[in-house]
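Beneath this line is the structure, given in structure tokens, with notes to follow.
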């Protein structure tokens, strides 16, 4: 009736109850089936529908896959083999075309004896990316480094790389693995130098331009250093100007002179020999690498409280995002020559890379803007209160954090861009999907093959993009966890 | 309280241009402006000079010339004698048509798949995941080509429908013929044709279409009125009157009456000569492009929808259940309104992407803006500068319209926060 | 935060009747193969105010979530207000409209105003006319002392205000039993007091309450009974005074020394 | 939390000099059309320790943020250490490197270790060699009693530790004046004491301090002067003893009754 | 830019030649990336004439849309990409076609079982056509002139066109007759397809150069003429060395640089024509090797026979 009642219920457990197994219908394969596949009429229908879809796909495509021919010199021969082996009218896949032309799907017209160079450049790319993309988890970085080192070396050996190169690659890759274990931030130096190295490996030629570019950056840094006491802003402008002017004026001649004095060159490969996935990856990686700084500048400009700077950034970003990439590629191939001084003429691949960069930069700017916006205001205020000026605050406090948050977005942008590199076929470049396939089919032997190249190329795209998207999802999850 | 006393004016010194916050931003902006202007001036200067060197000019006069090429199934009357301008408009309309239909279908597909991925049916959820991953990670161009190739390779040619014992037969009660050129569907015939409204420029709209439009729009408003009324009744008495049959009647009865009045009937396609005639032949290029765009964008939308639903925390539905709300009310009153806020902005940028991606139409020979203005017209007239600039501007305008709509929506639904 | 409870409550009028509000017998629950609740026996009478304490992961939340079937139990019986919880949907709905629940993170509907949050369930579940629902809602908002916030959105309120709205929202369904799952643990210290005051007021009116909380001041002030759980079992039950000053089980002692230690 | 202040401080050696550290005259500030700070007049001498109190929204934070120009004032004058704050960037930079600030939410840089947090500004703003900056940083970390955490990241520290790092970070710039904006209000009770102790130590060394806080124990123990603000104005200024025991204005009385009430 | 293409090519040591991205018989790279084909032979000949080495060519694949821009913007020195010489291209587009290396005409291919024997019976047919080509305009004009209707199926590339046609997505496939023959030859069942007798247009395909650099135009024009003349005079890659030293025919002597210094007039070596012919043989040899009857494509010489054989090939005299 009252308080007393409550007091009578006092209770103390003397012995604890051990955990018991759940009732049987909670476990076992049958219960799994019941719960996951047949838990209700709707679910059952969906399951049957799913089975129907699977059955349809298998029944329609299985025999085609099963009747694969790997060894033939032409489509006609393929057809003949299929007819002989599985009877007249049988359908079958003619993978022989891939067997014969795989190199062009992967490397385009890159000289066959030099295939190891792109492979090496790609392997080094992994090393260069490791400290950036896999900076958090030592274990993942170790796996990535070791696997890519091993793969690169094996592939290079298979592709007949000379001993010198093998040794060079081995030193770099094993060195990277060791450094990653000992003092990972040093790998960043390699990341910074990688663009020059990668360009050299891919295009070959003299190493001097690379060295000269480095030297001019060094001079620009010197100029900055000299002036920074006077005015940081002025110093930055001066540093950039010195570097740019040296690039435009001095690097070329100086490199030639140096090359004459001390030859330091490997076989040059023109960019019109690039094709297939080599082209896609080159455009994709170059585009993303170049668009990152541009995107950062655009994002900062867009967040600026200076009206004009903000407006210009918005206009630029919205314009680029508002038109299809294909029109920008047209601009690269058809209009860029109108816009440049008469007589200038440069490589179509370079032009395409420029347009792709601009395109990606607009998207990148939005991604990075998101990262910037995700930083709490306190970080800006703390930087201000410590007396850091705008650029120092950005460089030391804001961007390192914002970029880290943005990595998943950057990876997604890269995936999109990488897929979009197939559009370069519309300006006459040999993308792996249509460009290479079209000229392969322009050959008499392979006229009429259709599905096999598509499946081959599609599978490679899928593997690359899927693994990247998984990686970015993994990052996203981890970032979300960290933010809590 | 003292009023604003103007800050003491400090005398202006030149160094303030760099070191005074107020002037510094001005200085930077002027500097940026000069830089941008110089760059623009340089571009324009180069262009003028280049045009002179090549002996060309910048002139849109070519749009008035005879186009000379044909466009399959133009949405407005068009022949090869029409001008490039009209060809451009046809292309633009084609772009808009495939984009709009693509957006609608992709939304439906995306929502279905997005929800299916959340279903607790293991098999189906997996299948949907495979679909989404396949389409997200393989270039769109490949999908367009594949879908198109499937259409050409798998479907029978119109020929197969010929003869006593045809190899293929029409479906849906002999109304639809799927061929590897087009899908022949019935067209609408009228026994009581009210004639056309001439909009000028050889654009005709049948009065019956207008009548249907009026009836449907009217019905939509009426439906709103019914719902409002139901809401009022619910507010007053707590019980919500049943409205579905009223709505059904409002939406169907007037249309049925109109159908009866105009004597609307289906004219099934018939094989005449090489092709089906009588009905409508929907080009496979269009269908393939539409389907590929739908499947591709649908995969992205599915992810958006899934993320949107997942973004509404589990606590929300638990709170609703704890209050005694039934699952379907919980969905309608609690989950969806919140999920939509998360879903709509990325959804619209997918619409934007779809519209831009429709420029790949050329791969299947669908004559969209890129195929007409940026393709044949450009090629025949050699006016690349004008054609591409115009094409970019049109795409830009389409994008701005879409993103404008998005901004309006975003501002309307923004959650109020502290 | 024990100083948050300032006044000592006059418990004399807070009668506990003999009627049983909740009756749990031999209840067991598993998550997969993990046995979260083991042989729970618990009878709650109308008007009783029960505080459930225990270390993290001991199954407190799961227990009270079973009471309005946000979680399903796998064996044993739960009878709420005379209705047994089985998988019968009608029973579940009935129980849920008799049992109000307040969550740790409020779970207000951010797209609805405070008033709409409070009237949503009465209108759709109880079919109350809107006007009337709003009047009731305003009454409860006044009770939790935020009538002036009725037109705002939850996002515009402080945590303490949000939790009070959540309480008002539950009350608008005029439940017979209220469940609280750590209602103050996501709040800043100043706001805890606001919410506890509201809960005390409810207690004074004789509402049957089950409250998972670590606010021992609150427990001492209003509870009829404190239940201590560990490893999915009820380890000790007692009136607050004895529970705090004379715990019997070793685990309870350890637990109390931890939370009262500082 | 008044029990946090345990010892009574010997104020005799905490001299207040005649030199003026901060001089605010007739200062007004608006957010849009909202007049947040009205006719503020305030002179702070070197070595003074001022506590600013007042209800939420009264403009306390805004006031001290104006002192290092995180916010811009629109009329009147603020002279800090002889430098007037105008929009001249050089002056602003100079003032900021003389004035340290500690925020409510610490605002440590999560991507840098504790040591890097502390050496960042000395290295980049004061151009101190790294070695030297690290030595200084370690000295201050020792002062706030967490030298052993130097290599950790802020995310690995407790709130109290983080706040002490924030204080050390400010001190590393060897500022003449320290501003504190509710440095303890985001902390759990146990941690408040750690931080207050550190602040008291600072005060004992004669640092000029302006501190927005509701820790009245702290105010009584170390402040030379308590300033009470309301609606953007300084309503009352007094020494702590008189302020707490003999408030003059009605508003102050009301406020004191509220915060000391529970 | 005007007048220095030759200088630029010599300085570069490489001829940049715009070609098709892949067209059977005319231009396509093989498995090791070597370009070959009828158009490619022109590039090689010009490179041999100018630089003395047929291998010094960089091939720039161009699409229907990029080809003329590539030429007019100076990206390529010569465009050898089966482009039809038309009035507007020559004038409005500011190109110079320097001659015709293949006389083509637009035709139709249909399945035999369609029962069609003449293009006039194609009323209402579905026709596959590559967009952005002159064939598209010709087709429209032809059907209009004959009061017939058709449904175009626009395709982007030749490969797609073949695929569409084979699957029966169009009743007829129209393109240049040479292309039709090549396409048909590649079918598994060429005997089931016929090329209709009507040729509905003139398609003179020829290399083009930029407008304005007449000397360069001359070089390309006369290189092509040299190949044609060489066939006429029986100069082949096999006997060229021999004839260069001891030919009786004064025209051959002039052509192969034995007597007059013709090359110097254009700023080339005296061996220019010899080199050009040596590159891949005379016109007839090139034809036979790439698209002739011996090849799977199996085109007959037809209009492209020497004027002496009843064809249209007629090289102006070398003097």
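Going in written order, the chains are labelled A, B, C, D and E, and every chain counts its residues from 1.
The definition used in the following text is that contacts are C-beta pairs under 8 Å (C-beta built on N, C-alpha and C of every residue); 3 or more make two chains touch, one makes a residue touch a chain.
For each chain, UniProt lists the protein as follows: A, B = Amino acid ABC transporter permease; C, D = ABC transporter ATP-binding protein.
As the structure is a prediction and not an experimental result, all values here were calculated from the model.
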Joint neighbours of chain B and chain A, given as chain labels: C, D, E
Between chain C and its twin chain D, rotation from the CA superposition, multiple of 5 degrees: 160
Pair exhibiting more inter-chain C-beta contacts, A-C or A-D: A-C
Distance-to-centre winner among chains (Cα means, whole assembly as reference): A
Intercentroid distance (Cα basis), chain C paired with chain B, Å: 50
Centroid distance [mean C-alpha coordinates] between chain D and chain C, Å: 41
Rounded Å distance between chain D and chain E, as computed from the means of their C-alpha atoms: 84
Distance from the mean Cα position of chain E to that of chain C, given in whole angstrom: 88
Multi-partner residues of chain E (each touching 2 or more other chains): 1, 65, 69, 163
Residue list for chain B, restricted to those that touch at least two other chains: 53, 149, 153, 362-363, 384
Multi-chain contact residues (two or more partners), chain A: 330, 334, 337-338, 342, 426, 434, 450
Residues of chain B touching chain C in the complex: 234-239, 313, 315-316, 318-326, 329, 333-334, 337-338, 341, 415-418
Chain E to chain A touching residues, read off their complex: 1, 20-25, 27-33, 58-63, 65-66, 69-70, 73-75, 157-159, 162-163, 166, 183, 185-188, 295-297
Touching residues on chain E, where the partner in the complex is chain B: 1, 64-65, 68-69, 72, 88-89, 92-94, 114, 122-126, 131-133, 136-137, 139-141, 144, 150-156, 160, 163-164, 167-171, 211
Chain E contact footprint on chain B (complex, rising order): 53-56, 68-73, 80-81, 149, 151-153, 156-157, 159, 180-181, 272-275, 277, 281, 283-285, 362-367, 371, 375-376, 378-382, 384
Chain C contact footprint on chain A (complex, rising order): 1-3, 5-7, 9-13, 16-17, 19-23, 26-27
